[in-house]
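Got a structure for you, written out below as structure tokens; questions coming shortly.
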Amino acid sequence: MSLLSVEELSVTFTARGRKDATAVDGVSFEVDQGQVVGLVGESGCGKSVTSLALMGLLPRKAARIGGRAEFDGQNLLTMNERKLRDLRGSQLAMIFQDPLSSLNPVVPIGIQVTEILQRHRGLKGEKARKEAASLLDRVGIPDPDRRLKEYPHQLSGGMRQRALIAMAVACAPRLLIADEPTTALDVTIQAQILELLKELVDEEGTALLMITHDLGVVAGLCDEVNVLYAGRAVESAGRRELFAHPTHPYAHGLLGSIPRLDAPRGEPLNPIRGSINDKIAWADGCAFAPRCDHYTMECLTGTPELTEPRAAGHQVRCVNPVLPTAEVPA
Amino acid sequence: MSLLELDDVKVHFPVKKGLFFDRTVGHVYAVDGVSLSIEAGQTYGLVGESGCGKTTLGRAVLRLNDITDGGVVFDGTDLAKLPGEEMRAFRRRLQMVFQDPLGSLNPRQNIESILSEGMAAHGIGKDQAERREKIKDILAKVGLPSNAMSRYPHEFSGGQRQRIGIARALVLEPDVIICDEPVSALDVSVQAQVINLLEELQESLGLTYLVIAHDLAVVRHISDVIGVMYLGGLVEEAPSDALYAGPRHPYTKALMSAVPVPDPEVEDRRERILLHGDLPSPANPPAGCRFHTRCPWVQETKCATERPPLLDTGDGHKVACHFTAEIEAGTVKQTLATGIEAVTGTETVAAEAEEVSEGETAAEPEAAAPEKEEAPGKEEPATVPAQADAAKTADAAKADRAEDSPKA
Amino acid sequence: MTILTNKADKIDRLAELTQSSEAVTGTSLWREAFRRMRSSKMAIIGAVIIGAFVLIAVVGPMVAPHGATAQNWRSEVFPNQGKFVGMRGENWFGLDHLGRDMFSRWLVGARQTLLVGVVSMLIGLIVGALVGVLSGAAATLGGKAGQRVDTVIMRFTDIMLSLPSLLLAVSIAAVLGQSLTTVMIAVGVVQIPIFARLLRGSMLVQGGADYVLAAKSVGIRRKRIVLTQILPNSLSPVIVQATLSLATAIIEAAALSYLGLGNPDPAVPEWGVMLSQAQRFFDNEPMMAAYPAIGIIITALGFTLLGEAMREALDPKLRG
């Protein structure tokens, strides 16, 4: 049985005087122990909302959450606040995109780290401080004893993200959720952080749910990849399978539109037309149809089902997928 | 003669403090001596991480920042010394596309008003009717419907807004467009649309671009020549393909190895050069080579004391490093680890710094000139920064480390 | 699979499904803010109160049943003995200490109060906005010399702001003497530094925006950048403040009148003056104070509600 199994998760935001907005529309995936699973998609695809829903961090009043998310046999979505709080930090931890706003600006790093050690591991005083220092050391923060006394604004972006990772792994969580952990960072710093995450997963056997818009990051890190579009997974497969044979027109188009460092100069890009605003409701058909080069009449008559048109375990939500034999109209 | 030439441009921002009238207490050396030249019809890509001064440099060309020192020669005229009104007139020929498509459009003006204002300022078009015709024409060129004229910026998607930004530059019929992170604020699927548009426009209108971006893949895709900036200065400049095939400055090597490639086959095979620590502050840059505090190949001589000039190492490939040839030839060893040790653990020096003998340092530059016959990328997709040397030394460093410290 | 179905059909069906997303065209931010205001309860309540107040102020004195000065029922009230006349069919709000019809005086007072509020707000707004524009333009685009100008202006407004507003108003009123104009000027002057600071601050924020840089890069002249780019985007907080300050202006004017600095002319009573006259008889006839007080409270509330609703409607962060 997998560590985390999400089934038909849906999140609808309701606000008075506004139309209900469905951010996540039936997302299912699984994460096994020691596995890195990627949720990849562009802005508005529902990837971040998914992670917040799993962590129980969405406002209960404004968000209607449906489906199941079983972590170690317990449904996270219906768990009471207190139990969830115990779980968060000890077994479940999260890293956010903006490390500055996820750290308390008026409390030194050291106290923020030792607080977690105290709450979840019962460490106190000198023992907690020592453990905190070794955690910072573990994530590559030089001179940890001095850093423990500093405030978040005194650290650079990369250091802050490391501090946040240190806090996240303080209690050796079984699942780490990383929401765009490197988006705010420079490439060379991103490489450091990704390498660090990779190492943590390898050494500690932590499962990692990686949420990102960057297919390059996914290619280097994830075992399983779920491509999200407009709140639904449109393609799920192992990393090699997905990148070798992108089958949903969206995933296919996305890969064809990214300039690659290793592509020769002047190789044309094939952009996807339109923008994310050009979509139809999943209930009416495929949300991607308005931007799709080979949508059919069938695409406009109800939600397409997940099928496995190419290989076992390679799921695609499309009635007219990109297959080797299929003609791709220009 | 190049269309645009920058000669030792410096932009230093004063740091001010004071209760009533401000005193200058220091400077941020945002751009500290950059020289480059851009040929007409060419695309020059300026790449670097945040804080390296690339945006400041782009704005300095248009004199949107004050230039502390140096010359910006555009078509024979030194813009750095032009009086205000003459500079304003010159801005018609040098235009800019901004990073934030929404932020760079006045939210209270409709598109027609945004586009016609610049035309009016430069006396393009007799009257508004004539300007409207021209705007319609340009809107079609950048792929926007003509009914866009009466609409407001917030009614468009990100990609469309960037097209408006491009149209704003185009209506003035400029010679040079400076694109400051033109796609980084856009969704991945839309980025390609804008990149293609910029390329089409260059072809049809004969534009010259200075593209400033942090994304090496984007810059490589559209640039003829790439300049790599680090902490206010150029560290390497080369034709796009040459730079990709054989980056010579240690920073470029690290930068290139850090760019993720959306292909697991490539990702699994490549060797990352991980750098230690973070970018130093441009308010207090390190002496000597700006990169020496993080450079995996830092040597005891010269690096910390002497700032290396940007020198041509053959075929227009310019590098600002004291030890270019030696690193290429493998006669100097890495002094800092570039593997996972750079990221975890506290010790920084991996292997003993190899003593470099005088004889070795004097290696002829020809010996280091790269073989550049084959075009990269044609053979296999897996030719990402093929730096056998670098990878090998990294491995060696790793091996050393494993023996030395029980932690690794 | 139906890949080759009629292309026209496909396009029609797609258009039908995506129709809703293409509705808005050419709506400026002002118009959009107005649309949001219309759906805000706060704005509607505020607007209704203000509408009623303005209606009373305009029409009231004309329909007042008895005139403000007529002491028609002088013989019925004996203030010294505590004998007053309360509400009755003829005099809806009862009589005051001189036997005048309070309802009529209240209606006339509404007009005076509105006048004081609007005029003093306008004094503050116009002078303050001019100072603010000067300062803001100098600071954003005036170079080094401009920054000096800005510093001097701002230190001066700081001094004005550091004086307690009522004290400042009282001193002005003391110099100018007792009249309605005095009250209006005194209350208006107090608002000047508030408007100046607000507009300048807002202009500084907008002056750093990318679109100003873009306008500069396109080659637009500095004066025009201030007028067409920076200023229109800096106005929303000022508009909100103007609405809110109508409320404070009315309250401050009432306070000044209460302190005896208001218009002594009995023919044009102002709610503040009425309040001040009522205090002597508060023990015996509290209603004499209650009517003008309620008037002041409700109108001030109306302006505050409208101002807050505007603040919300104009906030770019809440757009969407």
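For reference, chains read A, B and C in written order, and residue numbers begin at 1 within each chain.
The criterion applied here is as follows: contacts are C-beta pairs under 8 Å (C-beta built on N, C-alpha and C of every residue); 3 or more make two chains touch, one makes a residue touch a chain.
Chain labels with UniProt names: A = ABC transporter ATP-binding protein; B = ATP-binding cassette domain-containing protein; C = ABC transporter permease.
Just so you know, these numbers come straight off a predicted model, no measurement behind them.
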Completion exercise
Contact tally winner between A-B and B-C is A-B
Fill in the blank from the handout: Looking at Cα centroids only, farthest away from subunit A lies chain C
Exercise for the section: Just give me the whole-number Å value for how far the CA centre of subunit A lies from that of subunit C (ABC transporter permease). Expected result: 49
Practice task
Give, as an integer number of Å, the spacing between the C-alpha centres of subunit B and subunit A.
Solution key: 29
Practice task
Between subunit B and subunit C (ABC transporter permease), tell me the centre distance in angstrom, where each centre is the average of that chain's C-alpha atoms.
Solution key: 51
Practice task
Quick one: which residues in subunit A touch 2 or more of the other chains?
Solution key: 277
Problem - Partner subunit C (ABC transporter permease), residues of subunit B touching it in the complex - result: 20-21, 59, 62, 64, 88-89, 91-92, 95-96, 98-100, 103-110, 117-118, 121-122, 147, 150-152, 154-155, 165, 168-169, 172
Practice task
Show which residues of subunit A lie in contact with subunit B when the two form their complex.
Solution key: 42-43, 137-140, 142-144, 156-159, 186-196, 199, 213-220, 239-240, 243-244, 253-255, 257-273, 275-277, 291
Handout entry: Touching residues on subunit C (ABC transporter permease), where the partner in the complex is subunit A
Key = 1-3, 5, 9-10, 13-14, 17-18, 21, 39
Practice task
Would you mind writing out the residues of subunit C (ABC transporter permease) in touch with subunit B in their complex?
Solution key: 24-30, 148, 151, 155, 209-211, 213-221, 224, 228-229, 232-233, 316, 319
Handout entry: Contacting residues of subunit B [partner subunit A, same complex]
Key = 49-50, 157-160, 187-193, 195-196, 214-218, 220-224, 240-241, 244, 254-268, 272, 274-275, 277-279, 340, 342-346, 348, 375-378, 381-384
